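Next, two complexes with chain A in common: one pairs it with chain B, the other with chain C.
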Partner chain A sequence: MLILLYLSFLTCLTGAIEKNKLSEKIYISLEGSSVCYLRLNRENTYGCKGAESAVGVLFYMDNAARQQWFKNNARQGPYTLLINPTKNFPFTKELMLEIRQYINDKKVNSLLVTYFGNSTVEQFSPESTCPNHKYDLYSNDDSYKDCLDYNWNVQGTNWLNEYFEIPILALYKADQVEKLIDICWKKRNEPKNDQPPQSPLCAVEIKSQMRGAVNAEVCLRRTGKTTNLNGESKELCTIIGARTIISSYPGPLLQEDKVILVLAQYLTLTMFETLAPGANNPLSGMITLLAVAKALKTSEKELQTHGRSIVFMLFGGETLDYLSSTKLVFDMKNKNFFIDKKQIELIVELSQLAGSKDQIYMHTNKINSSVAISQANEKITQKFTEYSKNIAFKEAKNNILPPASLQSFLKWFEVPGVVLADHNTEFINKFYNSRYDTLLDELRDLPFNTSFVNKSFPLAKKISEIAETITQTIYSLATNKTKTVNVDEIYVSNLLFCLLKNNSCDLLREIIPTDFNLTAGYGDKPTWTRDWHLSVQQSLSRKISTEQLVLSLMANATGIFSHNVTEKQCNSYNTGNKTGLWVNGFEIDKSVGMCIISAIRHHSGLSPGYDPSSIFYNYLSHKDLFYLQPQPTRFLIMAIRSGLRVHG
Partner chain B sequence: MDLAKVSNGEKLNICRKYFYGGFGLLPVLWLVNFVWFFRDAFLKETFPEQKKLRQYVTISGILALFGIGIVVAWAIVYQKYRLDWGEAGDRLLFVIPVGKP
Partner chain C sequence: MTIKEFFGCAFLAFGPAVSLFIFVVGREPIRVILFIASSFFWLIALLISSLLWFAVVPLREKLAFGLVFSVLFQEASRLAYYKLVQKAENGLQKMMQDGQAGADEDSKQIKFIKNHHLMALVCGLAFGMTSGAFALVNILSASVGPGTVGIHGDSDHFFITSSLLTFAFVMLNTFWQVISYAALDKKSYWQVGVVVIFHLLASCLTLLNNRDPPIYAATITPAYVLLIISGIWAFVVAGGSLSGIKAFCGF
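After this line comes the complex of A and B, so read on.
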């Protein structure tokens, strides 16, 4: 008997040797996953903690019958739930509540979600129904705080602001998911004739632990700590933030110059770090801003004679409690910014603009507004209406502002301001801050491998028209004159294509620094190539930094290519408020490079300091940089499990 | 060392050294003392030094229990309140916990 056992052991061993490694025989590893990160702030933990190793029996849920079976009959857990949302099996609030319950009951110890682009889901948003309400303008107003009368984001499930003790991953490669389903689900775990599957069952192992824990304070403190056993201090947490990218015509050059601020945002926040297309929110606003900036380029002289400056600002960290604008206002208060509050005459913010067919809504704050400001706002909205053409500019019905950076300014001082958005009292965007906010349906006619878009398409036409109205209105408000301006529709088309569909296009290649890599690390994603995800503020010299890309876009929109400047002269160029940025350029000889001269600058978007005594410590948000075991996550196949825990 | 080959006087001498040694915050020394000389102190036939030996062994046992109790209590209290103590709690760490409170 003993000999027999020994022989069978040997046979196993030889089998294993043929497969090189025993682990290769037992496990298959899956590629193409994106992890839900952890975020810490002063009091709380948000996102997914993950696990050093979470092993669960795979259960594949892609229809209501399976959902029901899982609810009533699944007792072989803990499970790894693989959800495949489709049109017939959407990610509803009810389904998410049910899953949340399974997680709380420890019936599910890891969650996998498939993601193959836009077509599978009709609406989904992990954001709250009233984004950023804790720190908005109305947070101290009893009748308006917490959006009592407003639900901007009706489909919001608030998962983005919750804490999960388990790892949650999105799988975005169809062939890998198929492999998992074939080997693991169909062969082993699928219930046949409503009966629970027989052991051995197939389990999935996920390793994705977040280093940080507890809260921001503890994590930062431990990051700086060195002990005898650690040797050197480990980086547990790094501070979240993104630079504010600024450019202007022409100044302000003098202290008494008046300023019109044009704001937009460029980063979003989704459940999964590398799946953040951010198309309507916030890129539609950013693209419109760039188009407006480009159209106003020829008006610099007129603006100067009228003592007006137009300053464009792109904020990065707004999805986390208006981090960037709060920091900017904080610095402005402390005179650490080149514009003073007295100079600001008007603020125009470009929010989500791609959703509606033929109208744009103008939102102004009507709560506790003085008569003078209300009148000024009215005058401005009238101007917008006056200059609108095919796309109507209408006043929004709501009294309060939708989520917007303008709120940070209004918290400090009264100023005329208008937020332009495609929605009235609730978002048109059904995918606010989610991985489905891609607008790819609008871009479906453009082949992925295009390097230059030479014709316009409906979305580009719409954005251009909106930009045209905004440009004319701003010009008129600044100079009291009317001027015909033409927004470059081809430029808008290319911006939309390059930023939402494929980064490696001519427009972006021309305007990036020579050593910048447009596609590094982004090649295997479903359709777009860059993640517009708010995370750690990185060095601008990094060759893939999104902030650097936005800086280049802003420089290109507001600056001019200079031909007769060498790289050295370009880098040291500093005349008035203009600086040089050395980029690839559009010369045929790619090795030459060119200089863009513009008034770009950037402002740190990090929360003001690590000082816990500062009130601004509230805005300090952190997140993990590292996993103990980063991707690819390993999936354990055919693990024979006796003694399964039974849930009664 | 083989205790069987050691004279009773020498045993008492070693036992005394271990006993006093334990006061240098080494409760485990008392525990060793207790275990090692328990047989000689309580189970062997009487010999002249046994009375003194018995004293040392008994007190060593009690002190060992007490000392180890303190260590265990400290470990429990520290693990329980480490987080509440904030920075002071972290300063006492040797291994920085990763992904845990």
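After this line comes the complex of A and C, so read on.
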């Protein structure tokens, strides 16, 4: 018996070895792909359908002539299209419409898109021309809904809100794409003299199975089911969401304390899960907010004597129909939040701020607002103009608000509020919510391997100046006094470098919890930073959680390093509204760790519509959760007899 | 296309062997028992070969080393099985007689045990089919697709060559069993030696497939020449003759 067992073990072993060797003759596996996920909500499916195994003949499309050839002569399908978008051959809506036709005809069964940074394209945004318009302040207003007068995001293709019935992957490693083109396209599949290539052709197999389907309700129902087939109930879908990170000076200590809210966002949503640099939108706003928070640190006492609090909020889930702010407003309505609506005196939101050269536009809502609010808004915008220096703060021409979390608050109650952005009536950012929104051109002078940036550069200078104006205005609005504040330009430089270029740097290392892993980037991508992609709400104890990083950044910006506190004391620190966060600290050689004491807190950003019995019903809330990394793509030669698969 | 390739290769390699099994072996339970026992002996040879390969670490990468010893172990197990069957012959006969009350000397089973050539055929087929299965099963599973060999410019004859070789080895093993059992019966040991040399020759020639680029013709041609020689030899050993064929065909 033992011998038999050993024998079967040995045969398995030898079998595995031989098969590997053989599969090397058949397949090449490619690295560096990022998959487009499915997203489900109550009614619909968005994103890309997965496939257990989609096999298609490779066709490389990088110019219009090939596109034409493919349209007229390609009959050896189904195909996998490899598209290389360039300035001369942009990935336009028209091209996608053509591909959709191919998908319907079953001529194309998967799509690969290259991604080599934003030097290759001029503009691209998969977001709609009017982001989040279904759930914004004006959705019930016939004359303003759906951005009738304004198209914020002119180049928007709206693909983020569409459903594709094929797997779509982005390939971001140049050498791998080159290998594929060399071996697969040039040697085999490229039509020579306009003649179709001879069999055998080279095909691509994509494995990216997603287990959820139909819509959120169906997916959740299936998750709970135990069937004969799966044996145990498995999680098919997990809810999308991200925590709202909050901090304050000094925090509303009394019921009658007035509050100024400063808002920004920290996550974006792109077509591909791991390719979300989110530089201008939303990180430029977040970095400015952190700079403002840091500059106001010394003013805590004055604020307290004036009975004012400044509360900073960073929202995660805003790209999906204002998920986080809606949740916050919902909780505020139900008295589940530490601030009451009556306390809010003013809301300042920092939107995209890195795009313009020397001006910032102030957007206020002018539709259906009362005289008192209009006057208050005017007073605020005047204050901003008053404190502006080299960078002019101008009033925007539009009378509706651009996409902003402020809209969620205004939907519920009237409050003075201003959105600061680099654009007037349409975005300056040509890459809104896309994988190209990197701002790397602005950072090109900074060497990649720096751990500390000790000099300023134009973008940092600009952000610092904007932050300075904002800080002084907010201080003045809160206390009616003027005070010169200095924004730490080196801090801003380092923030920009760490968050947009290389996140393994001193600043971040100092402020993260001791067990946190910074090197969670993906090598060979155009940037080596975290992915600022809105997905499933992660546990904060996860060592690579982006939410934890933002929490640390906020704690560092609004808190103080305390030297004489042990780890135990730090973790149980709770005085007033301040808590401790145990981090690496800057005395890194001693490897002891330090405690940051600040007023940080976080608020769940999960949709209130998650509970099916809830009355609060119409929210985008779920996501398919085949959350294992999809299997790597394999490429292979496949023998196809021409004529066997002709369509039409 | 790859599915067709799979079935083509599978039938090419195992078609004749399976028909032999159905028409010769499968009819009598005693033959099936001997068949299974014989394939177990081939497996023991494989076990010993792999143990040796496993133990001699420095030579693991050298295919020729493992191959030569594997051939020798296979031949040894062929002889061991002969010894076993010889010892068991009387017992088997008895069993047959006990099983069929009043069975006479001429009953089918008894005839079978007395007909050493037929028994050798059954045992050789088992040897061949087991070795063939082990040689081809991984290749067959890869041939299902969706891809086929050739992305790096390898010859697309890989699968058909493998199947042809497997077929040749299944039949060669059958013939060699017939030859060597007859030789052992007659105690004419040089014939056994020739079989071992034939086996070594055919196996070592497959090493040419390991070259880059592989020379498939150089492997297949001698393997089939050996197959024809061994086939005729086995036919003669088993008492066949040209006039026999003529009589069979009705000339």
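Just so it is clear, the second predicted complex is superposed on the first by the 605 of 648 C-alpha atoms of A that agree within 3 Å, B and C clash if a C-alpha of one lies under 4 Å from a C-alpha of the other, contacts with A are read in each partner's own complex, and residues count from 1 in each chain.
By our rule, a contact is a pair of C-beta atoms (placed from the backbone, for glycine too) under 8 Å apart; a residue touches a chain by one contact, two chains touch by 3 or more.
If you're wondering where the values come from, they're calculated on a predicted model, not measured in any experiment.
Colleague: Is A:Val218 in contact with chain B, with chain C, with both, or with neither (first, second, both, neither)?
Modeller: first
Colleague: Just chain B (first), just chain C (second), both, or neither: which does A:Val583 touch?
Modeller: Touch status of A:Val583: no partner.
Colleague: Report the partner of chain A that touches more of its residues: chain B or chain C.
Modeller: Of chain B and chain C, C contacts more residues of chain A.
Colleague: Answer with first, second, both or neither: which of chain B and chain C does A:Ser53 touch in the superposed model?
Modeller: In the superposition, A:Ser53 contacts chain C only.
Colleague: Which partner does A:Leu353 contact after superposing on A: first (chain B), second (chain C), both, neither?
Modeller: neither
Colleague: By the touch definition at the top of the document, which applies to A:Leu553: first (chain B), second (chain C), both, or neither?
Modeller: In the superposed model, A:Leu553 contacts neither chain B nor chain C.
Colleague: Where on chain A do the contacts from chain B and from chain C line up?
Modeller: Common interface on chain A, chain B vs chain C: nothing in common.
Colleague: Show which residues of chain A lie in contact with chain C when the two form their complex.
Modeller: Within the complex, chain A contacts chain C at residues 3, 6-7, 10-11, 14-15, 18-19, 22-23, 25-28, 53, 55, 183-184, 200, 202-203, 205, 635-641, 644.
Colleague: Within their complex, state which residues of chain B touch chain A.
Modeller: 83, 86-87, 90, 93-101
Colleague: Residues of chain C touching chain A in their complex?
Modeller: Those in contact with chain A are residues 1-2, 5, 43, 46-47, 50, 54, 134, 137-139, 141-142, 145-152, 154, 156, 158.
Colleague: Within their complex, state which residues of chain A touch chain B.
Modeller: Listed in rising order, the residues of chain A that touch chain B are 49-50, 52, 209-214, 218, 221-222, 225, 227-230, 234, 236, 628.
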